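After this come two complexes, each holding subunit A, first together with subunit B and then together with subunit C.
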Partner chain A sequence: MGGLEKKKYERGAATNYITRNRARKKLQLSLPDFRRLCILKGIYPHEPKHKKKVNKGSTAPRTFYLLKDIKFLLHEPIVNKFREYKVFVRKLRKAYGKSEWGTVERLKDNKPTYKLDHIVKERYPTFIDALRDLDDALSMCFLFSTFPRTGKCHVQTIQLCRRLAVEFQNYVIASRSLRKVFLSIKGIYYQAEVLGQPITWITPYAFAHDHPTDVDYRVMATFTEFYTTLLGFVNFRLYQSLNLVYPPKIDSQAEDELKPAEGKEYAMDSESYLEKLSGLSASLARAVAPTHEDEVEMDEFPVEGETAELMDAKKKEQEALEKHKKLFEGLRFFLNREVPREPLAFVIRCFGGQVSWDKSLCIGATYEATDPSITHHIIDRPHLDKQVVGRYYLQPQWVFDSVNAKLCLPVADYFPGVLLPPHLSPFVTEKEGDYVPPEKLKLLALQRGENPDEESEEEEEEEEEEEEEGDNDKEEEEDESEKEEEMKLQKMEEQKTQSTQSNKVLPVKVTAGKVRVEDKQRLEQEQQSEEKRLAIMMMKKREKYLYKKIMFGKKRKIREANKLAEKRKAHDAALKEQKKKKKKARQA
Partner chain B sequence: ATSASFPPFTRLPHEMAAAESFLAFNPAARPGPAAASRRRYRGPRNRKKGWKRWSGPEAQLGREIGDFLEDVGLQERAAGGLISEQIFGITPNYSPSKIFRIIFGFFFFCSICAHQTPNGRKEKRRRQFWEKKAEKGIFPREERKLRARLNREGDPKKSPKSQKPPELGRFCDPLSDPLDAPLAGQDPWFLQQTKKMPVQRPPRLQVKPSPLPPVEVIGQGGSYNPPFQDHQVWGGFGGSWGGIGGPGGVLRGFWGVLGEFWGVLKGFEGGQVQAGHSAAPGPVPAALWAGSGVTRGHSVVTPGHSQDNDKARSRLVTLQHQALFQLRSLRRSLRFRDLELRRRRLLRERRRKILETAPKRLGRQRWGLGFWDLGFGPEGSVLRDRFKSLQRRNLIEPRARARSGTGKKSKFGGKKQKFGAKSENLGGKSPNSGGKKFKFG
Partner chain C sequence: SQEFPDPFAVDFPHVGYDLDGRRIYKPLRSRDELDLFLEKMENPEYWRTVQDRQTGADVRLSEEQLELVQRLQRGQFGDVNFDPYEPSVDFFSHEVRIHPVTNRPADKRSFIPSLVEKEKVSKLVHAIKMGWIQPRKPKENVPTFYDLWAQEDPNSILGRHKMHVPAPKIPLPGHEESYNPPPEFLLSPEEKLAWEQQDPSERRLGFIPQKFRSLRAVPAYSRFIHERFERCLDLYLCPRQRKMRVNVDPEDLIPKLPRPRDLQPFPTTQALVRISGNIHLELMEFWDFGKQGRGSDDGSVRLWEVSSGRCLRSLTLGAVVRSVAWNPNPSICLLAVALEEQVLLVNPGLGDRLLVAATDQLLDSWEAPEEERVQPVRWIPASPEERAKGIRLLVQHDKPVTQVTWHAKGDYWASVVRNPGGRQVLIHQSSRRWSQDPFRKSPGMIQCVQFHPLRPYFLVASQRSVRIYNLLRQELTKKLQSNCQWISSMAVHPGGDNVICGSYDSKLAWFDLDLSTRPYRLLRHHRRALRSVAFHRRYPLFASGSDDGTVIVCHGMVYSDLLQNPLLVPLKVLKGHAPALDLGVLDVAFHPHQPWLFSSGADGTVRLYT
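So, the complex of A and B:
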């Protein structure tokens, strides 16, 4: 006997989820269309907590969506467009099959299209929301803009991505919002700060492209479709916020400069406009002409709950930022033709520098290599035959390292043919106890305003003139410094191990005059160690185990850091040895 | 007169009583109704539909009553009433206990029939439980919902319907759809359902499925001109690179916690111990060390003191000394315990965070250490990197791409499938029937 039978899987978690196939059937869409719809609308699959329950006892691998989400999708107007498109394709195929060309033409004219504007608006209710999601959009657009036009995806998509990426780059230049650059093996990471939001994106190197086979291009293309729409809106809004004309136009004054002097047209004007823009060398036109007002200092009202110190710190930070933004102001760069033009031009322009290149390399060159006002000439070959006096010849890494260091680094390390210092990532901050490479230490010192190796550099120059003595001197000095370093390391280790070793014998001198003092010290030490030993003895077994483990870990960490340092030393020594040999060979 | 009218086959009461134990010798003779009830019921033979069978003491009673009633009916049909009543008024042959049993059984049977509600006892208990709760003002969910709805309907602010007739005398745009005019200020839900208004995106969809950052910047070792120590890290010194344990990997948090903990401990070892030594025990050690020196001095200078006194004092001193050590170690262990708890909490929190950020398993593929090695090394294509990142953030399901070469289908099968797919958008019918329709229609 007993009431209504409870049926399984009719309540609880099982009713909250829906399998992908059922959802697809409910929406009457094919699987690719369903995938596309989910990506566009931002509906993601869910992993139920109890998959077996939801799956009605089966353990088959299925993808689940929330039923609520699918119900929400039912209202989407795009679903209808997808169905219409399917019908269109069917009709078209039929017409082709029957060779009814009139029908084909008619169908082509009435091809159903859809727009994603309303989805962008719906997914990003505020502009800040859109900015937060810009990382993905930018990475995707920059990636697609480098694709070869070989049919992996539509050429229009590639062109659109290129246009949007260039527009965004121009915005970053105009607003000077770039903060960090990092060249990795994969690509270049950039970080900009737009309206207070840090935006990070990666751009691949041009032409270095292999097509992985395990990537679903359709999925990526769908993402790109959505992100291009988003980026279009965002660009428009950003240009407006800076009072720039959108779609971007080159400043008329700059345009005159850009006109080829000989009258030879590079290409038709309309065609080359995007290329001119992507040259990144010209400033953009403003909607309202900028009025150069006297810089008005804003009154500052202290916000409640903020101390004077905080205010000061903020002010200092602001000043540092302003300084960083004007890093290359007044400098004129020239890029040699073997140098990657676009990233360098972008970075240099972002920090206020002027940049040009050979006019056969790319459109948009503003001055020639012979211009005497050039201050920095970026080359990437071992040496240049004809060097002009009055400018630095540097390797491209100098630009990126300077940007990351927030100051113009000493140029000596970046002369052509010189072994470059490592390119450190600005996205990494070392924690206490980590191994900090000496290069980074040097950099930090430079940022603080010290100049640690001024002397040694001078000496190096001397050394080049008078070889033997200088060399010896320097070596001795270096040896000394190394010894010091070693001592330091030893001390460090001692300090760290001291706390672990309970009964450590300390070197105690016995002198006639200071017996009393020494004794006291020793007593103290003894007491301390005694205490420690007792404490360890009193510990519970578990605690003791833990304690030992921690101590072991600590020691290991020190050991590893030391090992790294030692390796570094060996490496440096080997380098030096090589140098010496070379020098001797040169002498002989 | 009455006895003459009895039909010959009618049994008299005494005969009836005797018939209870009577069985004819004739093998074809049917046992009487009383004999049927005497057979013991042994429960369902095949154990099927046991709930349908009628068994137990009440069943026996019921059967007896059935027999009795059958008998009565027989008599009534034959004689127009109970013979015993007609003759004696009461049946002398039935023992009083039997009569009682019969009557009681009858009423009991009736009562059973009246109360056969499923789960009656449970329901009763439940009713009582909710009655008690209702006295305290707690109601079951259904009732609460009903009450809430009543309240809502009573509230004029929340009711969306405040339909006013369109005001006359206002400017009327001749080009606008007159049907759109009364839409203003209407129930948004109604408008959404009738496609007059876009459906609002529910706020739960604004949350990303994973808190991982969209662009994870590669570690130092990924630099095109990496510093010396990163060659070591990537080249196997650290042992694990890429994947979950590598730089920028998920497990990095764990090592971070350990590092922090070491930092804390270091502070504890260095700073606090010293502080404890100098300040915390305060007066005791000062008195101790000073006192011992003084006493010794005294004993040397003035020999007048008794040895016992000295001994006692020294014992006191040692006792104090020991107590002090004990106190200190106690404090130390307490502090250690505190530290340990704090460390555990940190670890727990960090682990929770990692679990939150870790990709969920959405498809056939498991998230193991090996899964990401291909994607997140220093080299490789940005495209794959982006794709893996999307998978990792649960934006798309992780799946191995089906290779086009495997599983060749016959031409016929492929065609059939196509028809099915087409039919689907015709009217959402099953693929086969739709296909046929399409073919012939």
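So, the complex of A and C:
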């Protein structure tokens, strides 16, 4: 034997992890600085597999970082900038205390700043990586751009956020990459497809924020600092990919149109420029004049069999996409004053429509409400007194539903004052066994090209009922096995009761036998279900646990779907009842 | 005269004091409010009458005094003749004079450089030299944003990026989050109440779905900033881990077993029920020729013929029968009955007369040895009355006997005595009327024993393990760990290489003696404690009866090929026994030739499944 004694916790997992406090000490940073560094560099804690081993035998709750991550942070130039900034603050305080205003001035001029360019490059080595992580950045920038310019955070940050958000919106309009929109109670969700990556972001409704007190704005500001840098670079690259000028410039032709006719200056040029941009009504200037033949046609290669089918499907998809992009082409919209302007203008412009609004509402209105060429007038009030012939007056939901349905929906359901059809989430794709709301079924039928409106309403109702019955049939099938079991149990019970009865009185009684009709299918099914049950008995413990868990989840799903279907049925029945009553009342 | 401050003067009758200290009284005033009012109305001079505070007398203001008051009210100077806008006269400079105003010579310090300033400058110079003061940095004219990914270098993708776990995206909203969801997604009042009472961390939905008639009516979401903040916290505080999500079809998890109908024959339906009153404990044992012996705790042993279902004989013994066992030797007709502290060897006199006579002869051929040996039990020949009942020998133990079991040859048998800590197992030889205790020390609490059907082995099941002893070499060959808490019963496969153990913690352990001392399979088929297990002698079947009132018949195929493991397939769950007193099925036994199963339960029935 012999050799050195092996000490505990000097090898293996214990050496791979480091607690937060030790990491902080190793980096010589205060906790807020450490937090900032972690946020900027994207370092997150790790959960060790054997916590007790890593924690050197203790079970106290601690946050662990990978030692490699912390060593990686040691080389970060920003850490030095943090320290410089700390020194700067100290000097400044001292100068203030001594009332040395010259020094204060000089110090302020030399305020240490840092750039996050290298961190962005380091975290996202390729552009696609950056696009993949854009969701949070966009949501955050859109939120910050709605903040009031007081307190909470720096005005510059808010302005920058607003600028970047508007730039991104303009890009989406120019590239027509918006795919889905959803009006939720939390805000408006948008989904765009940029270079094949789906990017989803949420914007709050345009109201003043009720600023919560239990939120640490410093953390959010640090995130925003990084996100604005990221979004700026991404915007630059995106604009470049479309041959657009960055920072964006309004097309000179459009600019002329936008010039206030009266010659009255609205604001300083530099200030109004962002507002004009955020009007979203003008197209952007291109660095290279657009050539209309740049739509590259796909070269066709001779292919066979399945690949050919695949190619065909792809082609069809491509065509559908092109059609979707030109959904509102040729339509002219006008937004009434009570309608949220920005989201609607954004969505309409993304699909090729022309849009304008009241001149007093926002800069950038291109035509007036009286323009006879307006095809759709978006309005969100119960009724309008003066209606112009030759245009549809519609509620805003029509625009969003049409975008999600990828076709211009029939307008009748969306007239002002009409009870709107439900607004469905475009992000849900129902799988087999999931609950599908009847509106979705109707929509799918519309997309397939069938027109359910032609059939009379009653028929429709019947259909719905049938559908529901169909659903019920499915449920019954699912329940059948259970029912069988129940039947069996009942039989057994009967037997038991018989036997117990026979305990008391000996059943020496002969009754006429009955011819039993045996349902072969049923028997078969019974046998199969029993076989399955027996096989389940033979499963290993771990597999059985897994199986039970999966089946539990499945059953819960079915239960929830059934519950929703039932609720719907009850609701529809109540509606029908009401209609009947109304009819009767009318007749009487 | 001395004067009071004004507020004091109100309540006193005097105004002050004169030099001699006498009070100066206020002029008598008998006027009340009414008089004042009348005066106000009637006196045309009232508006210019003022009360003199010092004397209390009313004074009528003169014209000059009125003028003064009006001027002061207008903000003018009191003096009428004062002119505030007189032209100013620049005293020093409007007229240049030849003489200076002051004739003081200039200071010396105005000619020499300032020391204080020099000190300050030198400090600044020093600070600049030392680099403490930086000159103003020239503004860099670099655009903030440029093409960062101009050269995408594949080498820049480091190991870090491959190890990086991207944060999961926020789940996308469903229909219920819509501002105008389908009506079925709205919560009913009960659901809403349940939602409110739930802990926020347990809620499946973070918000209550709401329906608004129009987009105009939708308010701001109050938790918007919260949710973004929580997302931020998740991004930098949550440990990330790659979790392998099990994505299996549950049908794939179910083992592929041969179908039960391909493994026929096995008992499937209940064919016979025998009701025997309120008898609790029932035991069954088959004799080769289809006769069945049965003991019950009303103190009788009954013998039935299976083919006809007739009760052939009934022996009333007057004490609780714990165990019965037929002699497995086909040339001997003998039944061992455990009755309290005795074991009776009974010749029931059934079957061939020659056989009965041969059995009696075998038992009677014993001759007492010359020297009496000390035995742990007493062998007592039966008295004439007992002999008439069929009892041939009584073996008197010192403690209650719980089990008797025969060796396959039919000469030796073993009995288990309930005697914790002392002698628990005895092996007897009926032809020589000779008993012995095989163990020097007790191997724990013994539940049951079995003779190996082929080899000279003896299996002893204690609470948690089964020991296998070699009787010839008198040593322990194997100790099977059952992984159960408390073994209740045990059965040996007729092939001899497999053992099953039932336990009170509702498990059935199948041991393959060639494979390991651990169970080859631990079957958890029953929901309650197992009471008995049995192997079929000819068919690859085994059965287990449990307190939940079910008997499960399984296919247990043992292959002669050593490389192939036994195949266990559950075939049928036989229900029928009603649990009584928390007991269900007490004993199960297979018919020796037919695939029939008998089970006896606590509800006082014996059921035959065919």
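Quick note on the criterion: the second predicted complex is superposed on the first by the 435 of 588 C-alpha atoms of A that agree within 3 Å, B and C clash if a C-alpha of one lies under 4 Å from a C-alpha of the other, contacts with A are read in each partner's own complex, and residues count from 1 in each chain.
Operating definition for what follows: a residue touches a chain if its C-beta (ideal position, glycine included) is under 8 Å from a C-beta of that chain, and two chains touch if they have at least 3 such contacts.
Note that the structure is predicted; figures quoted are calculated from it, not measured.
In the superposed model, A:P61 lies in contact with subunit B only, and not with subunit C.
After overlaying the two complexes on the shared chain, residue contacts for A:R90 are found with subunit B alone; subunit C is out of touch. Applying the stated contact rule after C-alpha superposition, one finds that A:F34 touches neither subunit B nor subunit C. Of the two partner chains, subunit C is the only one that A:K541 touches; subunit B does not reach it. In the superposition on chain A, contact of A:G187 is made with both subunit B and subunit C.
Of the two partner chains, subunit C is the only one touched by A:Q240; subunit B is not. Touch criterion met: A:E338 reaches subunit C, while subunit B stays clear of it. In the superposition on chain A, contact of A:D216 is made with both subunit B and subunit C. Legend: residue contacts after superposition of the two complexes on their common chain; A:N110 is shown touching subunit C, with no touch to subunit B. Touching of subunit A by both subunit B and subunit C, each in its own complex, is seen for residues 39, 42-47, 63, 72, 122, 125, 129, 133, 135-136, 139-140, 143, 182-187, 189, 200, 204, 209-212, 215-216, 219-220, 223, 397, 420, 422-425, 427-428, 437, 439, 496, 499, 531, 534-535, 537-539, 543, 546-547, 550, 554, 564, 567-568, 571.
By the touch rule above, subunit A contacts subunit C in their complex via residues 35, 38-39, 42-47, 63-64, 72, 106, 109-110, 117, 120-122, 125-127, 129-130, 132-133, 135-136, 139-140, 143, 182-187, 189, 200, 204-205, 207-212, 215-216, 219-220, 223, 232-233, 235-237, 240, 246, 338-340, 380-381, 395-397, 419-420, 422-425, 427-428, 437-439, 492, 495-496, 499-500, 502-503, 527, 531-532, 534-539, 541, 543, 546-547, 550-551, 554, 564-565, 567-568, 571. Every residue of subunit A that touches subunit B in the complex is listed here, in rising order: 1-3, 25, 28, 30, 39, 42-47, 61, 63, 68-69, 72, 75, 83, 86-87, 90, 118, 122-123, 125, 129, 133, 135-136, 139-140, 143, 182-187, 189, 200-202, 204, 209-216, 219-220, 223, 397, 420, 422-425, 427-428, 431-435, 437, 439-440, 496, 499, 528, 530-531, 534-535, 537-540, 543, 546-547, 550, 553-554, 557, 564, 567-568, 571. On the subunit B side of its complex with subunit A, the touching residues are 51, 118-119, 192, 195, 198-199, 201-202, 205-206, 209, 213-215, 217-220, 222-230, 232, 237, 256, 258-259, 261-263, 265-266, 269-270, 273, 277, 325-326, 328-330, 332-333, 336-337, 340, 360-364, 378-387, 390, 394-397, 400-401, 421-422, 424-425, 428.
Here subunit C touches subunit A in the complex through residues 133-134, 136-137, 144-149, 152-153, 156-158, 160-161, 164-167, 169-170, 172-175, 177-185, 188, 207, 209-210, 212-216, 218-229, 231-233, 235-241, 246, 248, 250, 253-257, 259-261, 273, 275, 523-525, 568-573, 575-576, 578, 604-605, going by the rule given at the top.
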